[in-house]
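Questions regarding the structure given below will be posed in turn.
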């Protein structure tokens, strides 16, 4: 039995993406008796659907947790719902696509995550990891991964539980942003979280989910 | 030769204070050849002045770095200036004192920190630690420590370089606040920083200061 | 032909609710040739559904715009989507109900607003009114109004276009919150918007919607 | 007897500056029996000192209130203290000067405003205008005006009461920023305040100050 964890490549102004690190860290681990496959997704609206559907088809996972980075977030955000919208807002994807208020699929307006979202937040907080339930994953590729996996699971009648976890900047990304913002002269700094804590959070989310099944 | 580092006890709704942890961690360490004395201050406008002046008199330190916790701060904030104001705003101190727009001393409106504030921020960012220069330490006991030490150093004509470092919540404090805010149901979470990173930041601030003298 | 505009009564710590004012102001007006019925809803999960369905049944409106106040919002927020969730987070309703991660109806996970949300934001900005598209209306009674009206419209196969507009605090609510936060001593102040601007924004949202049909 | 009110010209990305509007509106008014001279200052570190000192010398005002715009501020901020620092942080002035951690004058670290800052905030809140006391005016030209006038008043032994009021964006500036941020697609919007309220706030600040003398 397999668990799939995805992260994203760097994009926009970011030199690194903590979620690629988390996916790589967890790849090959065994969590609660299941082996984890970590994969790094392209930041590209056009190709991410194929990539997600291939991961589903290849591994038929028990649990599928996608992750993405959220500038400005101070906590691990467990997303409740993915919406049928693709909009790049201010940041076209890595191949220049800039969808505006488009639909992701011929599907319903939204899908709820099938992770036990409240229990995951409770368990993270009990471990001292800052976390919250979130009611919007935005409309960029993070929301795309949440919606697209849920849509494929429903369509193909799989048992896979799936959902999305937004992760904060790593401290080094926040330090880089601080330099951009002239923090040495009083400019602002975005919130961040240690990478080891981020990885631990995703591992715990998997454990809580498997424990609830 | 000695370096003094102070933190504060818990106060208000906080069960622990990361700055007490940082002061305890650094107590007894040798940093850049100087021995560090870590001390935890009372959260009390009435007694903190005596405590700070005793530390100065007892150790005649080369460097005196005070630290305090700042709810809502995502970065290590190196304070530029302390003002001659005591105001508890919304949080009376631990013995119930609630000063309102009072003066701390018969002294000037403000003192600048004599730490090399810009260089400290630069060095922290170079180490990947989120940090910024800050233009206000507020008017509570954090500002008090900054102003009071500088005032005593000037009055007594000491060589001591002194300043103030605001530190973020620890992850466990942020998780506790998240529970208060019903983050499991969508409530908010304050930013935080790993305690080891906080301790490393203060150690680096001392090193940069000693290296600049 | 009729347009319905709803606001909410005061709730929680708020002595007044700007959205009740807006609904009362617009009640009886003619906008783009249609007469507006303004109604003030109870802040009560149990009774709001009946009230919304009665307004739909009684007026069979062309357009149904619900409004609610959003603490912390600096702009008129045109909501894109309502989700099938009732959760009071930190503020039980006015009769003490405190639902936690409940479903609003036996319906889909979400409905999109059928207002022309992008065009409304564009037209508001062209009039110099701060506005944005929003991807979450939360899980309290604001989201409830958005979801419940859309659900009833779909179920009953009505032509009504409906959606939700989050409005900021009025200046007087922000001033009251500032007093609570000890802003006289340095405490914080939430953003706000003049009531006349709020009313103008909702009138414009109706005009843009009618103009798009 | 005369009151001087200053605002600033547009700068950086701003097409207009609400504080220039406020200064122009109040120019020629009589407030509490004194005639108001409104002046618009250049956004230039090099020339603003001469301009401020000329206004002091020409009018020998009873009260000198400088104003400037603060992106991100939701309230009228009555500044408590100006510091002896010039730093343009991320925005060089209108003639390209970009001072970094420089001193404004051969003077003390800071001056307190001599407006009755707490009473002004109290009176604004009593009128329903969102306002707060602020402990930092930053290090750009706003702080410069506060420090420079106070320094000249002290040096020349004038009776003039002086201070600084930070004003929010106007709604039209916030709408322009919203367009920049793609708010139509979900981007963010800064807080704002109606220009008439801004003007009223500065008039009230003058009245409270004159009433306290």
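Each chain carries a letter (A, B, C and D) given by its place in the written order, and its residues are counted from 1.
We take it that a residue touches a chain if its C-beta (ideal position, glycine included) is under 8 Å from a C-beta of that chain, and two chains touch if they have at least 3 such contacts.
All of these numbers come straight from a predicted model, not from anything done at the bench.
Each of C-D and B-C has its own count of C-beta contacts, and the greater count is at C-D.
For chain D, the chain whose average C-alpha position is most distant is A. The distance from the centre of chain A to the centre of chain C, each centre being the mean of the chain's C-alpha atoms, comes to 30 Å.
Chain C and chain D have centres, each the mean of its CA atoms, that are 36 Å apart.
The distance from the centre of chain B to the centre of chain C, each centre being the mean of the chain's C-alpha atoms, comes to 44 Å.
In chain D, 80, 101, 118, 135, 138-139, 185-187 are the positions where the chain touches two or more neighbouring chains simultaneously. Against chain A, the residues of chain C that register as touching in their complex are 80-81, 83, 85, 101, 108-112, 118, 135-136, 138-139. Within the complex formed with chain D, the chain C residues making contact are 74-75, 118, 121-122, 124-125, 127-135, 171-172, 174-175, 178-179, 183-194, 197. In the complex of the two chains, the chain C residues touching chain B come out as 87-90, 100-101, 138-139, 181-182, 185-187.
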